[in-house]
Amino acid sequence: MSEWPNTRLSRRRVLQVAGLSAFLAGCGAAPDRPDAKEIAFWHLLTGGDGERMNAIVTKADTEMPQARIKQVVLAWGAPYYTKLAMSAAGGRAPDLGIVHMSRLAGYAPGGLLDPWDLNRLARYGVSESTFTAPAWKSSIVNGKTYALALDSHAFVAFFNTDLAGKAGLLDSAGKLPEIKSLDDMKRLGTEFKKLTGKQYGLAYGFLGDGGQLWRLFWTFYSQHGATFDLQGEKFTYDAEAFGESVETMRKLVDGEVASTSAEYATASSAFLNGDVGLVFSGVWELPQYQEAKLPLGALPIPNMFGTGIDATWGDSHTFVLPHQSNPDESRRELAYEAVSRILKNSLSWGEAGHTPAFQPVVNTPEFKALRPNNDYAITATYLHYDPPSSFSGSGSNFMTQFGSVIQNALIGQTSVQDAVSDFAERVNVLISKAVKR
Amino acid sequence: MTSATLTKGAVTEAPKTRTRVRGGRIGLLYVLPFFVSFALFLLWPTVYGIWMSFTDRDLAAGTEPKMVGLANYAEALTDPMVWTTFGNTLLFTVLTTIPLVVLALVAALLVNMGLPGQWVWRMSFFLPYLLASTVVSLFWKWLYNPELGLINAVFGFFGAEGEKWLQDPDTAMAAIAITTTWWTLGFNFLLYLAALQNIPSTVYEAASIDGAGKWRQLFSITLPLLRNTTMLILVLQVLASLKVFDQIYQMTSGGPDDSTRSILMYVFDSGFTGYRLGYASAISYVFFAIILVLSLLQLRFARRSDHS
Amino acid sequence: MKSTTAGRVMAFVVLALFSLLMLAPFLWAVNTSLKSEADASASPVTILPAGGYTWEIYANVFKMGNIPTWMVNSLIVATGVTLITLVISTLAGYAFSRLDFVGRKPLLALTVASIMVPGTIFIVPLFDEMLAFDMVDTYWGIILPQVVAPVMVFILKRFFDSIPRELEDAARVDGANSFRIFLRIVLPLSRPIIAAVAIFTFVGAWNNFLWPFIVTNDPNLMTLPVGLQTVTNGYGVVFAQLMAGAVLAALPLILVFLFFQRQIIKGIATTGLGGQ
């Protein structure tokens, strides 16, 4: 074989690099508090949410010198939930975890979670009365409480008050005109376009994102007063409401005022860069927009169907105890304390855009003074959770499949009717394939 | 499990003198560590998996799994997703094997010409092979981004409209195939290069004297002499493609619309995301049976061509 | 193969383009990682960043502390797998080659047959087994299943077969037992193959994704490919950060390659080691 050119790396250089890496590895670890027990806390909060949770946890951590709360953030959706399940099955699960309320039906009955002890919780000032009724009700499975809600978070519309003002769209109270139909919405987008001279006026990131597609859909669908039943033998739904909701989404992103191929990240960027005037987004993006010092306004997604029903997609982050085969009781106790402290410190979670579920925080004047949170806080009262089942919920295959099928209708690859029946077929398959417990 | 495989015919045969040391128990001690691991981590899972496939073992439940007989197999054989994902896997195999043979050969032929810059050429073809799947997927997801990716930007530069690549069921599998080709080209490239360099130049000189032109030499001399290498590459390629998981999981999670979901991914989904470990085992064994048949066919084919 | 100058120039151009295409994804990732996030996500796409190049993304990545941890884990796992695989495989390969013992033929046949079985198919029962052994989320859980390498045993056996027996026979006449012969005579002669086996096992273990992904949930234990894929820190505009992480993850093995080019090339070329 011909000579491979000889370009060997000097051993010394390699040792230097190795030494540097080892040093850096050491740098990653924080100085240990002696006797502090490590509480592993898993969650899937990233971006703006992640930063806020980090601040709250750090505060709780300093209030608890006998503990060291170690956060672990995993990729949102199926990767997080699958890994959480596998670790709970393995018995070496984290001490504390976050699970979306919409996912509870898949975890609690399966033995992957340990229930909260209400007496222990009461000792830390956490009880039924400290939560909203819907949040408390949803957290009970088979008579036991498995989840403690941190917040309610909805899908809303954020808009750029500066651009809106320049386009002459704001009234004296700084609000956008009432939007009663899709045409109204599109007119808004056109005004933004004219002002900025850019290609689009509105942003909605949906490409390849089942979650985003689901959120807007479920908002529209619920505004028709309709729902899904996933726990029977067959999938039941309102076909007309379904079709009309998807058709509305399709018309929204037909390229006239919104991009036909925007992803979550690119829609975010477009709004941040001032290329569009309004973005459909989860409330958790609020910090990101505020950090960029965007002049921000917000409103619940209006009912454009004339049904007069107030509804929004929403979910809650809840705290759970992943199943441990041999729980260390002192660490468990610390987990209880940690949760209570996080809940008590959740005002800044409100600043992150969510509406806290812990009533003692909600009832403070500080919370009531937050803007533009106040403009959509009302959504907590008409939040519509995902339909419960063992295979649906935030980041599930159900959501992904919804995304695949409906996306095709939005980008014109299939007709709306075909997409609806295609999805119904798939749901029936999911129902038949769901684990029987 | 390791990621290395064997080649046939690339190692010279050992001399046939066999005088083994008698006194036969010592040998057992030598192979013991290997076979203990082998039994624990290869044999036992195989057997245990068969048992699991006859139960309804649930990832979550702490209770004893129930025997369900052949129900899982019946379900697997009639599960449209099993066949869809198997079809996807086959499509992936075809889409990657052909370029991975042809392009590797072209690259090896070009490099073998001895043009200046040898180290640069070899490095650039082989470098991707050293990257972990996660790295490859991160690089290429970024390239394929419909709004901010380099590929669509280049398309735009030439006035063409970009594709949605990983977000479009029509292009996603092809996109992953392109990525995989880029990633693993280097290995085949090296095999071809080594084989090319083993061809003595006298063969070509003789042909030139006989008046054969360059292209003639390529087709009548070089390619036939590379037959063994090509067969080897084909076998390795097909076996590896059938168990594809990493880059699909990392780039598209099997979407959009299940268009890229491979069969191993479906096993993973059913078992770990869907909690049904028993069912996932059954699917694994159905797939294993298919691979076994294919391998045996390949062995018979190779043996027959060896005799010819 | 002689060819015309025009032909060679054409070939050179084609080769250069092909080469550039192969390097482009890596170069583009590096380029992105040196921009600020705002520049990385700027539309339309440009090569040069409007705000100039910066190291800040790499600094952020290191501050987060995950990547060094994962690199250490990868080192532990890859080294563990390599050492154990080497020991048990050379012992077994030598025994198959030189020693006669009960069950030699069937065990050898079993080993060779198992090469055809792609282990990734048995991830489900293997995971369940790890649950039973309580080895999920442990280093041993990651390392042990990877030390079973029938391919290496076979390759080592064939190599040992090719070593002339005179040396060993002479030593045996002098009264040395088989283990001393193995250690003092056969192993030193086998350096090239052992180096090749070691390097390929190391590279394979370092890059292995599927099994470590399945058996580890605790990010403190994750190896580099698994950690990079599973743990995130940004949903939204973090393109530069992702590229920086990927580039850092690519570097160690590139260094290994630069160090061990000869052995790697020879290993692939002569034994076909490393087919994925």
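Labels for the chains are A, B and C, by order of writing; each one numbers its residues from 1.
In the analysis below, a contact is a pair of C-beta atoms (placed from the backbone, for glycine too) under 8 Å apart; a residue touches a chain by one contact, two chains touch by 3 or more.
Everything numeric here is computed off the predicted structure, so don't read it as measured data.
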Note = Moving step by step through touching chains, the smallest count that connects chain A to chain B is 1
Key: Interface with more contacting C-beta pairs, comparing A-C to B-C   = B-C
Inquiry  = For chain A versus chain C, what separation do you get between their C-alpha means, in angstrom?
reply    = 37
Key: Centroid distance [mean C-alpha coordinates] between chain C and chain B, Å   = 15
Request  = Spell out, as numbers or ranges, the residues of chain A touching 2 or more other chains.
outcome  = 1, 4, 7, 86, 89, 266
Query = Which chain C residues touch at least two other chains?
reply = 41, 43, 127, 214, 229, 239, 265, 269
Ask   = By residue number and range, which residues of chain B touch two or more other chains?
value = 145, 147-148, 194, 272
Request  = Under the touch definition given earlier, write down the residues of chain A that touch chain B in their complex.
outcome  = 1-2, 4-5, 7, 78, 81-82, 85-86, 88-89, 107, 110-112, 207-208, 261-263, 266, 391, 397, 400-401, 403-405, 407-408, 411, 413, 429, 433-437
Query = Where on chain A is chain C touching in the complex?
reply = 1, 4, 7-9, 14, 17, 21-22, 24-29, 40, 46-48, 50, 72-76, 79, 83-84, 86-87, 89-94, 264-266, 268-270, 272-273, 285, 288
Request  = Over in the complex, which chain B residues touch chain A? Could you list them?
outcome  = 56, 58-62, 80-81, 118-119, 122, 145-148, 164, 166-167, 169, 194, 197-198, 253, 255-258, 269-270, 272-276
Ask   = What does chain C use to touch chain A in their complex?
value = 41, 43, 62, 64-66, 68-69, 71-72, 127, 130-131, 134, 136-137, 214, 217-219, 229-237, 239, 255, 258-259, 261-262, 265-266, 269
Ask   = Considering the complex alone, what residue numbers of chain C touch chain B?
value = 1-3, 7-8, 11-12, 14-16, 18-20, 22-26, 28-29, 32, 40-41, 43-45, 85, 87-89, 91-92, 94-96, 98-104, 107, 111, 114-129, 144-155, 158-159, 161-162, 164-165, 169, 172, 178, 200-201, 203-211, 214, 224-226, 228-229, 239, 242-243, 245-246, 249-250, 253-254, 256-257, 265, 268-276
